[in-house]
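Look for chain A in each of the two complexes below; its partner is chain B in the first and chain C in the second.
Let's look at the complex of A and B:
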């Protein structure tokens, strides 16, 4: 086809209104961006500031220069794409080569902080009733502490000695310091606010703030900085003694006392080891301190996937079921959808509209709700399916164990997914059927083809060509159909005791990997990311091959 | 007589059996929905022991649903609408812009760009959660308005996925608009922006509407991202909030859940029934020209 050169795009003369629109939008965007950059500067986040300034300049350059039209249309979407997808992809890709997880949750400074926060033991001695405060001048978090021994009031900030507050610059709470004491007249009262400080209510704090306050440690002994007070419930602070001391110069922890749990003895030295833990003398096989940091581990996660004996059995099972699940879902939904499409592709049928409206309902019903509704329907004792449709006794524990045993649960998952998916297949096959030229039908009839021959030899092949890409997409979608599995069975019923991994009878790869990353105690983002890269490769390969093949089909016809 | 009997038999062979199969499939399609509707109208059914559909009909559950303080259903509803509307508008606009570039302009990296959009979609997004959570928590430290636990933040995250999800589909639709139209407009002196906003967008408006609708439904059904990014009870969406009625074993409330589910599904059901035709074309558009 001869195409006129679309050079004309460049020679247009923009209208005044157009220019005003453009400048206005750009101006507002710039104003917002500059405000945000000022906030970044105020918080001294230099890297973020630099990146933002570069982005702002690039955006302005794209829109103010002449030409470069594609960039003008792509920039907004690409910006979002880079922040929320490309970054996420790269981060996950990088994570696959690290030991990132709940045991290795951040950088080394964080690990040091975590170890320090946990390394203490409670002493007997003077305790304090406290209120949480924030300094009005510096914003530092602190305790307003009233000694339960002598009633003196102090204020203390993190890792600093307590400071006595003179009477008159604090006010006492009208309630008793001991909240079980009801004798308001005679009981001891603790300070609730002090001048120069704002009192913060624990229940109004964010999780992050709570964590900061619970790691707060105020020194109380002028002679021994290893003795301080800490509070876990934000009402009482107890005296504690550090059990480990961190030497920032040497980057080591030294044990001050024996540990109650036998992890270390006084005088032990812990050094950073290559696996992201402080270990005794830095020796990789020796005792470690809980609280690691993220380190790069090379291909260790991938190696684990292919060689770990604990992982092998569940993995083979999960992979087999994932393919079965995706394939059977596409097959069953397609067959039912096709059947109905043929049924209704009949001009004389009355009430077609009503049938259509009813059959589209499962598709229109929000997916997450469907899963919940089906969980209720398939309840063993009282579910509608067992008690009404199958006529079993309500409340009987011997009823059919949908969702509770492996094979019934697999059947249930497929049935629910059929329910969810057949309307979609019905809609797309109907569309495809109607696009088959009626001349073909007529020609086949004239040639004496039976209805079945007509279907099998003419309609089905034509249909498959046009909807094959959609079937493949459906396969890929169901391969990773997290929602339906997770909300219906959570991947269960669980096989207990087979392996260390949390794996169940209906787990597909994606739910299995989700559990590795997010559930249980040993959350392992690194391993999960390695898995997701492999899943990605599988899906991408299947899709690419299939798209190629369908393209070939199209070329032939 | 013989003639008539023959006719019934013939009628069954030609169309009657279609009704029979149709009815069976309709039952399968509709009974879960009837069941939840019936449960929602049946008062005080905490342990989910329905024996007959519509045994009793009362609005009690609906009234109680809006009276709960700890589970502010009305609030969740508004949150969901807000998030859905803004995401649908924003993401359709973003992908329409990109689709226009891919469909109408020729530039280096065009094919590569399209291909990488498709490929990126294949990465299991669930596993990006760690990164997204970390990102949003970092953003929230500096800009609490768009960080964790804010609806605006969630909308931004959803819009990040828009380009991958919508562009390719929209690209297919834009290609169906004959190029001659905008070439003629160019000759008449229209700028590219004018062509995009007043000609192309207008021509594909029904498809844009369907895309928005599908995006709205997709976003308002999302469970995973919303449950990780929103935690404050007042900020929850329906997908994350409703789950509370049935997930906590100590305060299970099947009646409340059923009433909430019916109200949540209503907009989507109504829209689907009225816009059936358009939705079908929106689904199949790229691949099937039906």
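Let's look at the complex of A and C:
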């Protein structure tokens, strides 16, 4: 019956408004996509460009062809699923097998660039204020250099020694050589032009010309090509020495000189090592150059989780507490929710609706808000809980340390989570209770069951059938309940003994992983991703076992 | 249907042209823009001077982009590999440098600094911008801590730490990872420096706070405990420092406060619950640290907030000339004096500092300074957490054998540093 209907609808000619609407929407989508592709092309991101073009074509094909109705409904959802879920999952999964992190946060090209940028050192000797010039006779590029030490003026051309310009053959700039010296009368002035040379303004140069000027090297010592006077910013020139040379073909750095800090000696060759650094002879245990890149490290991150002595103690503690936290949260919220549901399910109770609405309020407020309010309420010195509910002296530092010591903080986290979580349990148990047929209740009463027996033997098993999967879901949710922990205690108080890892008393696995990945200074995305994979496995296993169990519950009926 | 398809193709083509116009327009104008990332406080401070440079250099436009101080480093590490980083990171703490260099995001500027420029700064300030022999930025202003004394409660500077009684000292440290920065003067009274120094006086990567000296400091920390250092994260230090002593209520007991210039505004004008401030001279004084239990002179860390040159990632060219020029402008005497004049920032520029010394606060902190530049290596980064944890646990009496705990900390820290080598 339904099938014929769909067929009939399909063969109908679409209305004009329908076509226009379709074209308009598709047109806007295409426009955005084409803009995106152009930007990607401009940034030379070819893979992303190719993927975008394919997606664009597929989307257009789906909506412009006849038929294929299901694809028209599913396409946007699937697309977003791929972008925001599948890709993210695959990327985290991949990251777990890399050393992605603070010191390995880019590709190799970036690392090579970094090393090249720092592959020089400045030498003692005169420095010069310079102007860029071109020889009128030969057309050679050069620096018009005014010594900052004695005011002598020279011209320096590429790979030639500097040549002194006699007084009278050059003109001094009316401005101070040091731009920020405001004493124009007494400051040193630098030459701005010389006879036989044309002064060139750096702003007017093309990128190519700029590069030629910045690679210009005025010779100091004819026997040593590594040293020379250079300028990278066209305002000053200094004697510098190249320390490392990159050979793009061999992919190696060769040291041209001894390093002041003992990192390398002249002649040392640095090759890419398997840990994402250029190391001496590519040997993983030897000296490295600063500047790492991201590489795949296989199972090293997982190995670290299981073998790092520093990590072991905090990890055991965190795992134990994570299970405790998730289990106790589900237990307490369920019990409280169930009790209240029973109470408000009583037929003779008046004003049930109002009570129920009030009970749902903690659930209706955004958790972010409530958590912050609770932080204030639980303040040691002046919080409402201590000063009013527990009657302690306001401002006293000896008051109950709710969030400041480990066990109180754990208690606080559980209590606040109970406050936030019981309305949910109350809601679902109320719903489940109402779905239990009242005949069962009456039958039990007629058979002489006490209220407790009625609850324990009839209502609870029936409730659990529908609620058990939700309890498991709640466990899985709280296992990763980042928000409540992070907003209440940030995982603290930090009292985990003397270890490298920043781990606190209420840290659950997910907040611990967050700290490894993002907080502090030594980010380690690889290790954090490896942890996330393990967390996923734990939750998946628990859920799987539990769902199997609940199936058995269903057999009771 | 065919006609519809043709229309669609035409429409797509037309929209594509519009899109092309938009995307091609953007990179061309970006060429002359200098982007500066800074936290809110820094932006407020440097805005007028940056605008002054901007007005004087018509060919460039400076864009100040606000970033969260705590998150800016992470953001930089993500942005630079994609070629989306700024040209300059302003208001950066100098101890970030080593970590940022290791993450490939900074560019050395040695070749852009003339010799005489290097004499423009107070000792240690430009060195703080140096890591592995390269300068990565220029200093903006300096920060150091001192003992602030409530003159009415303690008319004379305290000479020895032994003369400070329990409850008289206010020092910020937190329950989580302590605050080795504020506690360092006390540690230095035992000659237990964080790292050893080489022949040139530069910090090494060898932890220097182990051995007998470190053990003695640890024992002293436990001996003094929370009675001396106060409970952690004491939010009431300001009030207790400003208010007169009330023996029955046990408030206002703090006579000495270990803090820096960032709290001067609160002290002079009051803040929060304590509204009456104190004036320098008649109300409070800025003193050097007292000597240690055995008479050793204390040292503080010198902190530099500066301007760092950001690398642009492969394939992009940074506007080094303009960026260096702006950085030199920000480190010039005129700018640094202006930042002092308007925002009370202690100049790192020598000439500007001399002009600013009429100000009793600036003079007070300068006079109290017996500083060493805070290390800026990744090793220092690795140290903060574990070092602080050990201190807090010992102060709170959670370590029965403080010297053993201290030695464990030193050993663990050294192992971590060696691992990242």
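Just so it is clear, the second predicted complex is superposed on the first by the 341 of 557 C-alpha atoms of A that agree within 3 Å, B and C clash if a C-alpha of one lies under 4 Å from a C-alpha of the other, contacts with A are read in each partner's own complex, and residues count from 1 in each chain.
Going forward, contacts are C-beta pairs under 8 Å (C-beta built on N, C-alpha and C of every residue); 3 or more make two chains touch, one makes a residue touch a chain.
What you see is a predicted model; the values in this text were computed from it and never measured.
**Q** Which of the two partners, first being chain B and second being chain C, lies in contact with A:518: first, second, both, or neither?
**A** both
**Q** For A:451, select first, second, both or neither according to whether it touches chain B, chain C, the two together, or no partner.
**A** Touch partners of A:451: none, neither chain B nor chain C.
**Q** With both complexes superposed on chain A, which partner does A:122 reach: first (chain B), second (chain C), both or neither?
**A** second
**Q** Would you check which partner chain A:114 touches, where first means chain B only, second means chain C only, and both and neither mean what they say?
**A** second
**Q** Given the touch rule stated above, what does A:39 touch, chain B (first), chain C (second), both, or neither?
**A** Both partners, chain B and chain C.
**Q** According to the stated criteria, A:291 is in contact with first (chain B), second (chain C), both, or neither; which is it?
**A** Touch status of A:291: second partner only.
**Q** Residues of chain A touched: more by chain B or chain C?
**A** The partner that reaches more residues of chain A in the superposed model: B.
**Q** Considering only the touch criterion stated at the top, classify A:424 as touching first (chain B), second (chain C), both, or neither.
**A** A:424 sits against chain B, while chain C stays out of touch.
**Q** Contact-wise, after the overlay, does A:336 reach chain B, chain C, both or neither (first, second, both, neither)?
**A** First partner only, chain B.
**Q** Is A:240 touching anything from chain B or chain C once the two structures are fitted on A? First, second, both or neither.
**A** Touch status of A:240: second partner only.
**Q** For chain A, which residues lie in the overlap of the chain B contacts and the chain C contacts?
**A** Overlap of chain B and chain C footprints on chain A: residues 39, 43, 395, 518.
**Q** Please output the residues of chain C touching chain A within their complex, sorted ascending.
**A** 1, 4-5, 7-8, 11-12, 15-16, 18-20, 22-24, 27, 59, 73-74, 77-78, 80-81, 83, 96, 99, 101-104, 107-108, 110-116, 132-134, 175-177, 231-232, 234-236, 311, 313-315, 317, 320-321, 324-325, 328-329, 332-334, 378, 381-382, 384-386, 389-390, 392-393, 398, 405, 408-409, 412-413, 416, 420-421
**Q** Going by the contact rule set out above, which residues of chain A touch chain C in the complex?
**A** Per the touch definition, chain A meets chain C at residues 19, 23, 26-28, 30-32, 34-35, 38-39, 42-44, 60, 64, 66, 102-103, 105-107, 109-114, 117-118, 120-122, 126-127, 129, 148-149, 178-180, 182, 202-203, 207, 230-236, 238, 240, 260-261, 263, 288, 290-293, 310, 381, 395, 397, 404, 492-502, 504, 518, 520-523.
**Q** Sort out for me which residues of chain B touch chain A in the complex.
**A** Chain B reaches chain A through residues 14-15, 18-19, 21-22, 25-26, 28-33, 35-36, 39, 47-52, 94-95, 97-98, 100-101, 104-107, 110, 113, 118-120, 122-124, 126-132, 134-135, 142-143, 156-157, 159-164, 167, 179, 183, 186-187, 189-194, 196, 217, 220-224, 239, 242-243, 246, 254, 257, 261, 264-265, 268-269, 271-273, 276, 279-281, 283-284, 287-290.
**Q** Going by the contact rule set out above, which residues of chain A touch chain B in the complex?
**A** Touch list, chain A to chain B: 3-4, 6, 8-9, 12-15, 18, 21-22, 36, 39-40, 43, 45, 48, 69-70, 73-74, 76-78, 80-81, 83-89, 91-92, 95, 100, 336, 339-340, 343-344, 346, 348-351, 355-370, 372-377, 379, 382-384, 387-388, 394-395, 419, 423-424, 427-428, 430-432, 434-435, 466-467, 469-470, 476, 480, 482-483, 487, 510, 513-514, 517-518, 525, 528-529, 531-532, 535-536, 539-540, 543.
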